[in-house]
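You will see subunit A twice below: alongside subunit B first, and alongside subunit C after that.
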Partner chain A sequence: MLVALAAVPILIALAVKLSSRPATPGRGPLFLDRITQNGLFVAVTALVVCVPLFLPLTVGVVAGDTIAGEANLGTLRYLLLAPSGRIRLLLVKYAGAVAFCCAATATVAAAGALAGVVFFPIGPVTLLSGDTIGVGESVLRSLLIAAYITVSLLGLSAIGLLISTFTDVPVGAMAATIVLSVVSQVLDNLPQLEWLHPWLFSHHWLGFADLLRQPVSWTSFGENALLQAGYIAVCGALAYGKFTTKDILS
Partner chain B sequence: MARARQRWLPALLIPLALALAALIGSVQAGASVSLPPKTANEILAMIARTEVHALSGTVVQTAELGLPEVPTAGPGIVPGATSALELLTGSHTARVYLDGPSKARLQILDRMAERDFVVNGSDAWFYNSADNSATHLSVPVPSNTGQKDSLRSETTHAGMPTPEAMASHFLSAIDSSTEVTVGEASTVAGRSAYRLSLVPRSDGTLVDSVSIEVDSETGWPLGVEVRAKGQPEPAYSLAYTDVNFSAPDAALFNFTPPAGATVTEKPVPIKPLPPPMEGPAGAAPDDSAPAPDAVVPTPQGSSSPMLPHPSPSVTGKGWDAVVGLPAGTAPAELTSNPQLAQALQPVSGGRALTTSLVSVLILDDGRVFAGLVPSDRLQSAATAQ
Partner chain C sequence: MTETREAAPGSLPIDLAIETHGLVKRFGHRSAVDGIDLAVPRGAVYGFLGPNGSGKTTTIRVLLGLASANGGEIRVLGREMPQQLASVLPEVGALVEGPGFYPFLSGADNLLRLDSADRHGSSATRHRRVNEALDRVGLGHAAGKKVRAYSLGMKQRLGLANAMLRPRELLVLDEPTNGLDPQGTREVRSLVRSLAAGGATVFVSSHLLAEVEQMCTHVGVMSAGRLVAQGPLDELRSAGQAHVLVRTPDGERAARVLARLGLVPGEAPGHGVIQGNGLDGIEPEEIVAALVADGVRVRGFSVENATLEERFVSLTGEGFDVVG
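And now, the complex of A and B:
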């Protein structure tokens, strides 16, 4: 899955490199038109492309598989035979999902940076505010964006873990998690449901643009972190309730 | 069984605790604060005396005018085409940096994009990240620079859509047609603020009341809220969500267009800055020789701010004032914007835009009438001429 994610920035870079027609500003994903001038934008563009679907997709697969996958393989009861306890298993499984979130965003960012360095010139980066920053600071900002997206995916991982405790069919848990992430994003685009928007776990997913402003606006980072923490707390508590009272039959 | 129930306890308690925390947060935000009582005149004097030299803050504008929501994302949305109506619907956030009378920066934070206005001395820049274009204007240095270093509305920031600019629009129009009272003190941007309430004495206007929140410490207007008749929620509000009265980083005001941007040089404009978020409150009932740009209640967007305005006619007084523009002077965007065309309703002799706060009548002969009044009053003003 990480290889598939890494392919996204490379494909973007190749497509832009090979197309003879320059991209029109304002069309297509953010910064697509700037890639030819500055390779550092490949990573950011790739992250923008991956956030709505590819990253939730892979995270959904990993998080949905956590408990249900073991149950399906029949290994869950052997895991619980060891005197480690169910809480610990739940925590370890969640930690695994979190590690995957980090790895996934880092892969996209690193592959994007690499593809940018290989195919395009590198130079100072223009921020959304029109200010220009040097290469060093732009790498720092890319890392911040990767961190932001990792945090954004933590809530979804917790939801996946929760669903995973309710079923023995891993595909069901994966599909349900991915469908939820899509539903949340669709609801977020309906103006009639404005009151609901701040409570949707995908509401701040594209808010990392605030890290590309001068000076950096930390508001969305904080709000996003708080929201994801809330999802982790609620889903974690529910998963604890379900998993510790569950009869493990397989 | 009791043990099993105990294990579900956190699943019950944690959502409850979070809901409680959210509830407390919203209650605290609306809690009233106790401030030493002041009369309306004392507060007005406080605003006039305010000695703020610099600030940085975040402003949120919300408009509930009963217009259809304009989609800002999705297929078929050409950047810029929605600007006219976009700023009249929904909510927008901007960051404001001011330092002295000649330095200002306004950043409208769009989703994945930003529009910047930078004024530094005689240079003014407009930068739009969506199409990577920059516009440069040379503005004459305000003549009163040496006189006073305080941020007053006569400076370059006058065109900036900040709460203080909007407040001064309304305050300058206070006359016998307005009843000024002091409302309940509140908290704005984490600061305690007096609330000044302007209520029109006339029945002819759509405006129910205008309230201005004034910082209790500095006398700086922190928020403006316009309520329309027969609408429970505010029709228009513009307020700081956070504000800091220390000087912002000087580097913020040095703007050089990024490499690769399309740079347009514009001649000296009629007005110092294109007001990007000029909403209906821009239609302040200014009956004493109104500045043309201050009375056209539709935001002209960034594309046509330099139109020369022949003198408009004003019918009525105070809140009931109706502004008429002669034929051929209306911004082209008014008639050519497809989204705006959808919102316009055909009436006899032309088309009308009716919102809960402001009405615009575009006649077939090209004349445009606007005011904070119902549209039938516009029609009677149009036929009277």
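And now, the complex of A and C:
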């Protein structure tokens, strides 16, 4: 899956490089038009492209597989008999999902940076606020965006973990998690449900533009982190309640 | 059937490795396990018998804390379950309802992973213990092979190796010879014996009576969620005692002689055959002599030993259909 994720920025870079038509500003994904001038934007563009579907897809697969996958293989009972302890197993499994979130965004960012360096010129970056920052600083900003997206995915991971404790069929848990991420984004686009938007775990997913200002505005980062923490707390508590009392019959 | 605990009144109660009182496990309205009182003495090889669907595996799951009981008390190795689960499980090696392994890892890697899931397993000795366990079940040469490529019997052996990763006080083996070839079955038998000789208690569930008869010291029989019999193997076998069959035209007279000798006469299947039950302390030749001395025309005489199978069927019923 990480390979597939790494392919995204490379595909973007290749497409832009090989296309003779210059990208029209304002069309296509965010920052796409800037890639030809500055390769550093490949990473950011790739992250933007991956956030709505590709990253939630992979995270849904990993998080949905956590408990249900072990149950399906019949290894869950042996892990518990080892004994690993149910709470410990749940925490380790969630930590694994978190590690995957980090690895996934880091992979996209790293592959993007690499593709950018290989195919395009590198130079100082103009921020949304009009300031210009050097290459080193802009790499830092890319990492910051990757971190923001990683945090964004933690709530979804917790949801996947929770669903995974309810079933012995990993595919079901994966699909349910991915469907939820799509549903949340659809609801987030319905103006009629504005009251609901701040509570949707995907509400801040694309809100990392603030990290491209000078000075960095941390408001959206904080709000996002708080929202994700809430999802982790609620889903974690429910998963704990379910898993510690569950009869393991798989 | 007397329970072992009550076998010696006045003496200290026998140390039990597994003890349950009124253990109940329900799924919805159906009772899978319906108030059973297990008593597995320490050091015993306990054969847990029962037809398919009689609640054996469910009982094992509840004993090991994988499922919660709906009622009753459980003590494993003298400690309350499931409260003391964390301290009991490290002492217990288990094979529950077939092996479960990651197909994409090798046999050795699977064991390493399971052992590292256990905080009590020392990482310094991990590789050595895994290799020893693999050698013990005859998988030394296939240790590096992916489990995907294992046969059912090899997976079963790997499951046994997992149960023996560390010295255990209690081994719970659910159908350990499933899928094994005759050599494997023999090896499992000798393995169980060697474990018992090393002081471990072995709790083996099975529906293979011959196997249980060969390796167990104690037996419990489940039927439709109830424990219908329990005790030392010899005691259970003798409960369906050996009996004599006398083929004679003088039925009534033969019955009187048998009764005088302390046997319980009864009609046996077949014409002109008298059955005498309760062959305790009487030599068969004495019976023949007494019959002949009384003028009974003996045309045939045989001593029939009760097999565990007869006893099992008489306890669990003849029906082939799964109960419940």
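Just so it is clear, the second predicted complex is superposed on the first by the 250 of 250 C-alpha atoms of A that agree within 3 Å, B and C clash if a C-alpha of one lies under 4 Å from a C-alpha of the other, contacts with A are read in each partner's own complex, and residues count from 1 in each chain.
We adopt the following convention: a contact is a pair of C-beta atoms (placed from the backbone, for glycine too) under 8 Å apart; a residue touches a chain by one contact, two chains touch by 3 or more.
Quick caveat, the model's predicted, so the values are computed rather than measured.
A.B. asks: When the two structures are laid over each other on subunit A, do subunit B and subunit C clash or fit?
C.D. replies: After superposition on subunit A, which the two structures share, subunit B sits beside subunit C with no clash.
A.B. asks: Going by the contact rule set out at the top, does A:75 touch subunit B (first), subunit C (second), both, or neither?
C.D. replies: The second partner, subunit C, only.
A.B. asks: Under the superposition described above, what is the C-alpha centre angle at subunit A formed with subunit B and subunit C, rounded in steps of 10 degrees?
C.D. replies: Apex at subunit A; the opening toward subunit B and subunit C is 140 degrees.
A.B. asks: Return first, second, both or neither, reflecting whether A:134 touches subunit B, subunit C, both chains, or no partner chain.
C.D. replies: In the superposed model, A:134 contacts neither subunit B nor subunit C.
A.B. asks: Determine, under the contact definition given at the top, whether A:84 touches first (subunit B), second (subunit C), both, or neither.
C.D. replies: So A:84 only meets subunit C here.
A.B. asks: With the two complexes superposed on chain A, say which partner A:247 touches: subunit B (first), subunit C (second), both, or neither.
C.D. replies: In the superposed model, A:247 contacts subunit C only, not subunit B.
A.B. asks: Looking at the overlay, does A:222 come into contact with subunit B only (first), subunit C only (second), both, or neither?
C.D. replies: neither
A.B. asks: Between subunit B and subunit C, which makes contact with more of the residues in subunit A?
C.D. replies: Between subunit B and subunit C, B touches the greater number of residues in subunit A.
A.B. asks: Answer with first, second, both or neither: which of subunit B and subunit C does A:209 touch in the superposed model?
C.D. replies: first
A.B. asks: A:121 contacts which: subunit B (first), subunit C (second), both, neither?
C.D. replies: neither
A.B. asks: In whole Å, how close do subunit B and subunit C get at the C-alpha level once superposed?
C.D. replies: Superposition on chain A places subunit B and subunit C at a least C-alpha distance of 7 Å.
A.B. asks: Give me the intersection of subunit A's contacts with subunit B and its contacts with subunit C, in residue numbers.
C.D. replies: Looking at subunit A, the two contact sets intersect at 245.
A.B. asks: Touching residues of subunit A toward subunit C in the complex: what are they?
C.D. replies: 73-85, 89, 245, 247-249
A.B. asks: Can you name the residues of subunit B that touch subunit A in the complex?
C.D. replies: 4, 7-11, 13-15, 18, 58, 69, 73-74, 79, 90, 95, 107, 109, 111-114, 116, 125, 127, 129-134, 249, 252, 255-261
A.B. asks: Would you mind writing out the residues of subunit C in touch with subunit A in their complex?
C.D. replies: 61, 64-68, 85-86, 89-90, 92, 94, 96-103, 114-115, 117-119, 121, 162
A.B. asks: Tell me, which parts of subunit A touch subunit B in their complex?
C.D. replies: 25-26, 30, 33-34, 37, 48, 123-124, 126, 128-132, 189, 191, 206, 209-210, 213-215, 217, 219, 230, 233-234, 236-238, 240-242, 244-245
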